[in-house]
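Same chain, two partners: subunit A is paired with subunit B first, then with subunit C.
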Partner chain A sequence: MLHTVNKSPHDSSSLRTCLSLAKPGSDLLLIEDGVYGALSGSIHSDTIAERLNSVTIYALGPDLKARGISEDRLISGIKVTGYDGFVELASGNDKVQSWL
Partner chain B sequence: MKFSVMVNEGPYTHQAADTAYHFIDAALRAGHEVFRVFFYHDGVNNGTRMTTPPQDDRNIVNRWSALAVEYDLDLVLCVAAAQRRGILDADEAKRNGKDGDNIAPGFRISGLGQLIEAGIQSDRVVVFGG
Partner chain C sequence: MSETKKFMYVNRHAPYGTVYALEGLEVVLIGAAFEQDVSMAFIGDGVFQLKQGQDTADSDMKNFSPAYRALGDYEVNCLYVERESLEERGLNEDDLMPLTWEDEDDDWAEKKSIHIVSRAQLSDLLEEQDVILNF
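Right after this comes the complex of A and B.
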């Protein structure tokens, strides 16, 4: 399953809830303000990094760029993709769950 | 693959109308089919042709209409959400005794059954906004 999260972990608990429920092997794409969850060095970074061994986490590149976040500031292991990659993730997984 | 998309947020609100548009555009360019885009809650505000953003800003409504023409998209506004927010086509304006309509080209007004059908007919439903 593909999970998408569009809220910052500093604003909403949706990323934390998603990570606590996502099954191993799931994909998670951070979009919109959700990309703040990909930042290293925040109070949420460790929780997110801990799930990287079982959940593949992506951040939407255009949304990182719009917020001035360069890729060297991301938690190691988080992948960056674009809208084409978003479509591939949505078609490659059997379901898409949007955490709003 | 057949996608349907649900948009629950108005234009120029946060980002969902833009994300949905770019996702759909990327899916269509990749050769996928988009069966329907269903606009619900404040998302129905994506379908008023009275929108007049500054000229140097993106025109989100016109952009939907242009995409609908290019790919023969089915853009559906929820009727109950639209009525609450003053989005009307000619039939709804007449039925409700209003003095004009404001629906944008390429959009139509229908009911929630269209969302259910989109879920049945499509391989994936992707939700934006909220």
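Right after this comes the complex of A and C.
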């Protein structure tokens, strides 16, 4: 299953709830303000990094760029993808769960 | 002339994901014409509004971050950023845009607009205001 999160982890429980319910082998794509969850060194970074061995986590490149977040500031192991990758993740998974 | 009041605009939202940041900035720039004592506070996700290097070329949105540089010309030259909010988000002062203003009472010296303050200091600043507007 593909999970998408579009809210900042500092402003909403979406990311925390998603990470607590996502099965191993799931994909998680951070989009819009959700990309703030990919920043290393934040109070949420450890919680997110802990799930990286079972959930593949992506952040949408154009949304990172808009917010001035360069790839070297991301939690190690988070992959950056573009709109084309978003489409591939959506079509490659049987379901999409959008955590709004 | 009416008495000058202390106005503080409190910004708590990240840019782009919602319209709060852009609307708030526009209200500050409009309000600056009324010659009040205006300051801005950035707390919580509001600190992301001042992040350096915003570039919306790939995402089809308006990059309004350069407009913060105009604040100094509108005599909005006190931008208080809460240190704890930066730290909780893995950011520090160097991540923020280098915003400045020119002090006409000091031979147009260029001065920093951004002041990093503690949560306790910000609490005191809020208490000093006559009017507080939240975005």
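Criterion: the second predicted complex is superposed on the first by the 100 of 100 C-alpha atoms of A that agree within 3 Å, B and C clash if a C-alpha of one lies under 4 Å from a C-alpha of the other, contacts with A are read in each partner's own complex, and residues count from 1 in each chain.
We adopt the following convention: a residue touches a chain if its C-beta (ideal position, glycine included) is under 8 Å from a C-beta of that chain, and two chains touch if they have at least 3 such contacts.
Computed from a predicted structure; not experimentally measured.
Contacts of A:I43 after superposition: subunit C is touched, whereas subunit B is not reached. Looking at the shared chain after the overlay, A:S98 reaches subunit B, while subunit C stays out of its contact range. In the superposition on chain A, contact is made by A:A90 with subunit B only, not with subunit C. In the superposition on chain A, A:G68 makes contact with subunit C only, while subunit B stays out of contact range.
For subunit A, the partner touching the most residues, choosing from subunit B and subunit C, is C. Looking at the shared chain after the overlay, A:S8 reaches subunit C, while subunit B stays out of its contact range.
On subunit A, the patch touched by subunit B and the patch touched by subunit C overlap at residues 6, 32-33, 62-63, 82.
Those residues of subunit C whose C-beta lies close enough to touch subunit A in the complex are 13-18, 44-45, 48, 51-59, 61, 63, 65, 88-91, 95. Taken in their complex, subunit A has these residues touching subunit B: 4, 6, 31-33, 62-63, 82-84, 86-88, 90-91, 95-96, 98, 100. Looking at the complex, you find that subunit A touches subunit C at residues 6-8, 10-11, 32-33, 36, 39-43, 45, 61-63, 65-70, 73, 82.
Across the complex, subunit B meets subunit A through its residues 1, 3, 8, 14-16, 19, 22-23, 25-27, 29-30, 32, 123-130.
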